[in-house]
Structures are given as C-alpha cells and as structure tokens.
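Shared between the two complexes below is chain A, which has chain B as its partner in the first and chain C in the second.
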Partner chain A sequence: MGAIPEADPDEVLETKPFKFVTGYDARFPQQNQTKHCWQNYVDYYKCTTAKGEDFRPCKQFYHAFRSLCPKAWTDRWDGQREAGNFPVHLDK
Partner chain B sequence: MFLHNYISKLQLDAPTPWGLFFQDSASPQMEGIEELHNNIMFYLAIILFTVTWMMISMIRNFLANKSPIAHKYMNHGTLIELIWTISPAFILILIAFPSFKLLYLMDEVMDPSLVVYAEGHQWYWSYQYPDFTNEDDEFIEFDSYIVPESDLEEGQFRMLEVDNRVIIPELTHTRIVISAADVIHSYACPSLGIKADAYPGRLNQASVYINRPGTFFGQCSEICGILHSSMPIAIQSVSIKDFLLWLREQMEG
Partner chain C sequence: MIYKSKSNFQNHPFHLVSPSPWPLFTSLSLFILTTATVLFMHGFQGFQYLVALAVFNVIYVMALWFRDVISEGTYLGNHTNAVQKGLNLGVGLFIISEVFFFLAIFWAFFHSAISPSVELGAQWPPLGIQAVNPFELPLLNTILLLSSGVTITYAHHSLIQGNRKGALYGTVVTIILAVIFTFFQGVEYSVSSFTISDSVYGSCFYFGTGFHGLHVIIGTAFLAVGLWRLAAYHLTDHHHLGYESGILYWHFVDVVWLFLYISVYYWGY
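Moving on to the complex of A and B:
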C-alpha cells in the first residue's frame, strides 16, 4: 500500500458530479470541531425521528457527521441509542 | 517565490542535518509563515544592531576613568525614556498586525473537498478517508507505522519514512481532522505549515492546500511516551487523477 497504481492508458475516463458535503458552518468556525460532529449526529437522528428515514433533507446531517466524526464515536453513540441511554432526547 | 521555482526544481521537503532554515513550503499557509518570519527578522536585525550599538557606545563613553561622575548626572531623561518606551510599543504593533492577520487566515477552513481523519496512537498514526465509501459502506482506513532502520531502502529517510503514507490530491482544499486515541499527540508537517494538537475526545481541524506534488514529512510534536520519536508523518501529494486511481485500488483491495 502507499504506491500509486499505474494508469491504464486504454481506460475511458468519465467525469461524474461530486458534491462537497461538509463545508464551512458558521456555527463552528473554531479549530475545535467536536461539537460540529456531535451536533450533526444529533440533528440527523432528530430529523429522522421526526420526519422518517426517507426524508431526503435529513441526509445533509448524515453526510456531515459521517465525514467529521470518527467511526468509533458514532459506533458508540449508535450503541447508546439502541440501549436507550443516549444523553439526548431525540424525539423532542 | 516565483523566481525561486524558476531557478531550481529541487525542493527541500525533509529535514537535513544541521538544517537551520525552513523546509521549502508546499502550501499557502507555509508561504505566509515564511513571509511573516522574514518581516519580523527585518525588525529584529534593526533592533539588534541599534541596541548593540547603544550599549557599546555607552560603555565606551562612560568608562570610569573617562567620566568619573557620570552616575551623578546621567540618571534621568524624560525625552529619551519616552522614546524608548513608545517606539518598542509601536514596533510590537507593526509585528502584531500581520501576525494576527496570518493567524486568522490559517484558521479559516475553506469549503473542503475531502476530509482526512488522522488519529494519534501510542505510537503510530492511523488514518480514515470517511468521504469515500464502497457498496458495503466501508471507507479507507489504515495505520501508518514507522519503517524501522533495518528495513530502510536506499534513499528513504531514517525516522521519517512510514509504511503507509497519507495520500492527498494536490490543488485541493482538504480538511484534516485530528484526534487521538490514548494520550495527547500533535500532528505537524513543517512544509505544509500545519501543527495541531491531537487530544482524545476532541476533534481539531487543520486546513491543507498543497500546491505541488511531493512527499512531506513531519513528526509527532507533543511528548507522548517512550516512542514519541517513532511516530512520523509522511504526506504524499499526487495529481487528482493519481489520487482517484489510488482511491479505487484501496476501495477494491
């Protein structure tokens, strides 16, 4: 790993749209982004609790916490939600 | 800077023995730091020579055998005291303004195109690329250990080379999110002008915009235990096309 693979000259390149998901958030201008991750995690589950899993606008929170939060943190919070001891009421 | 690039295509991206100056910059941040450093060095040189000259001439003019009662008359002067109080304050302001300007500019994270998560461990760094997932919702994740001296190949740097380098596309705004798993570490790379402490339970961000291809080295910069010196950082910047090729290989592998 680490080595850059050789490009295949015959390969046809296609350009796909790419969306930048976690841009600048004026609520979190600091170097410390802990709250930025946490707030988006809480907002996503509040959003899906209120509007249902399929409500598209909720996805924005998902992408934000997904790209900011370490996997270990979200795994732990997922466990807490399932066990019912997550420190925030997601239905309020 | 432009002229410098024109003259020499060889860039200094790693520490050298007895290297007293900066490594060559590879990001706007580092260029800003160098510029500020040069600016401050200009004032520093003037102050150093002025003060040295004043000290020497005082010693020469007021030797005991030359003016034996100087201490009786040369003990107060409102004007000179005003001058040597106000002018240093003015110089400090001249230094502070560009310094703060640079500080807040470096803090600014532009809308980043990708996030790289760096986590300090005793004693290695681990990385995640959470923005790119495969069908199983997995993303790239790897540990980056030092290459021990016995395994070094010709041309590799002792105590700096790692087994898995961080690959970052050049000319792309990247947000590096920095944290730690056990104790405080610090993520640093001189050529990119970044250094941020890695705390367990806290996410610090650093903005990186690498403006040329190359491999840039850094070291853990917060004493974190016995192998603190053995958790180097190697960041390789590649073209966006090569980055995508690497990404695909990682995702499939």
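Moving on to the complex of A and C:
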C-alpha cells in the first residue's frame, strides 16, 4: 500500500461547514441500508485494528457508519466488542 | 343369476366403509399429543410423560386402524380397482402436502441463510458455529440413501415379475440401509458442536434434518410393514398398494435428503 501523507502539523486549519453524506454503494442497492451501515462499522474497526487509530483513511468508514447507523445499534455493537462477543473477528 | 341372489351383491365397485372407532380415537390421541407437547415445550413439569404416552397412543390407534384396512383390503376384497385408484390418489395428495411442509422448512432456512442478519455478523454459518463437514458422514449418508433407492426399486420390480425372493431380499436390504442411515444421523447429532438453541443456524439445521430423520423412521416402518405383508403372502404381483405407497414415500424422503444435503450441508458449509 502506498504511503498516506500525514497531516502537516504546521498547516493552518480552516473549519468549513461540513456534513458527511454517505453516497450510493453498489454492494447495498436496497432501500434497507442496515448492512451498508454494518459493513462500514466492521470495516472501520478492522481498519483501525490493522492500521491504528491515527490512520486517516479509516475515517471514511467512520463517517459512513456514523451517518448511516442508528446510535442505539452502534452502542450495542460497541458493548459487544468490549464484552468480546461481537459476531465478527475484527483482527482477521 | 336369479333375482334373489342378485340382491346379495353390490352393483358398484366402491367400498362403503362400516362404522369404526378409529377416526375418533386418532383425533383424540392427536389432540392429547399436541396439547401435551405444547405444555411440555412451555416448561410445564411432568408433561414429557404425557407426551410419551400420547405418542404411544397415536401409534397404537394407527396400528389398530391399519389392521382393519389390511383386513378390508386383503381378506374382505373391498379394495377393488376403483378403490385402489382412490387410495392411490390419497397417498399422492398426502405426499404433496408433505412437499409443502418441507418447502416451509427450506423457506425458513433460505430466509436466514441467503442474507444473514447483522446479529449473526452477516455471515453463514455464524461466528462460532462449527458446521458439519459435508464430505464426511453426510456424504456417506447420501450414498446410503441413494443405494436404498436402488434396492427398493429392485425389490419392487422383483415383486411385479413374481420373484418373491428378490422382493424380500431387496426390501430387507433397503431397511438395513435405512437403519444405518438413522444410526449415522444419531452419531452426527451426538458429536455435533452446536444445538437447536445455538442461533438460527442451529434452529434451521435441526428443524430440517430432524423432521427428515423423523420421516426416515416413519418410511422405514412403512417399508417394514410392507416386508411383513410380503412375507405373510398378503401381496400379489398386481395388488400391493400399501407396499407401493411405502416405496413412493421412501423416494420422497430420499429426494428431501438430496435437497437437504445440497443446500443445508454443502452450500451452507
């Protein structure tokens, strides 16, 4: 995988009005976007498990699941990850 | 024939059945069985004994009823060609209803397996389920059942051609294969790492294979009755409807297994 440029700490950051909207994903063409939400949640934690929390491209998955998933669901999945009974191996 | 003796004969080929207690007894037995099973499954204490008693009752009443049917068909000559036609149609409709019973079970399986829910991790089998390897015992069981289809066909054609020995041996071998199949399914169940309460995978697996196994046991009993009647000279080369119905039922059970093997065991592995 090619090197991903780190953020330049000296760069002046400008805050712009921003709203993340998850686009169309051909893997999830249905009206029901449950699995679209789910896949991004899984991909985010697989991504950070493999590459670390600071790996910026992981944020794509984070924004996607945060915009798609009801909070109650992600809270439940967070609890399952902590309890060790999340139904997917995130390190594989 | 003089007019007086003519009134001793019926001028139609149909069997007008005489009053019998067995339909009512069967209904009562089935009602008790259903009620006891529901109460048992809802955790009512002690109802497993009533379930066992009711199962015994159902089988016992069925045996008494079928004994009457055998008397009517074999000894009283009530099963004319027209009556046989109706019985055959009844068996056919019964097997069609069985097809739809299994269709519902497969529907439940595919509903859960084709698009596994996120609660299962969106995967099939779900995480933690060690599915049975389809190329071990299930493949052997497939071979056993397909072979039993061959041997029962040999027995059937032997009977039609008047080869008594072939019919007897063919049926005996079929029943032996059937018993071995049931034994291996029992082995498979006892070494399985999951139970009926382990996710919808376990539910669908035991729902499908369990009811198939029950049908194998019923089909084996069906063929065993045919074997007994063959040995007791009840059957002829052109009148053996019960035996033929047992064979048809056996083929049905065989086909259900093929669908189970392909979709639940192989595709779902």
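Everything that follows uses one rule, which is that the second predicted complex is superposed on the first by the 71 of 92 C-alpha atoms of A that agree within 3 Å, B and C clash if a C-alpha of one lies under 4 Å from a C-alpha of the other, contacts with A are read in each partner's own complex, and residues count from 1 in each chain.
By our rule, a residue touches a chain if its C-beta (ideal position, glycine included) is under 8 Å from a C-beta of that chain, and two chains touch if they have at least 3 such contacts.
The structure presented is a predicted model; accordingly, all values stated were derived computationally and were not measured.
Touched residues of chain A were counted for both chain B and chain C, and B has more of them.
Of the two partner chains placed by the overlay, neither chain B nor chain C lies in contact with A:15. Of the two partner chains, chain B is the only one touched by A:66; chain C is not. In the superposed model, A:7 lies in contact with chain B only, and not with chain C. When both complexes are overlaid on chain A, the residue A:34 reaches chain B and chain C alike.
Touch criterion met: A:88 reaches chain C, while chain B stays clear of it.
Comparing the two interfaces of chain A, the one with chain B and the one with chain C have residues 34 in common.
By the touch criterion stated above, chain B contacts chain A in their complex at residues 107, 109-113, 115, 117, 119, 128, 130-131, 141-142, 163-165, 167, 175, 177, 179, 181, 196, 201-206, 236, 238, 241-242, 245-246, 248-250, 253.
Chain A makes touch with chain C in their complex at residues 34-35, 38-39, 86-89.
Contacts from chain A toward chain B in the complex involve residues 1-2, 4-7, 13, 18, 20-24, 29-34, 36-37, 66-72. Note for the complex: chain C touches chain A at residues 115, 118-123, 126-128.
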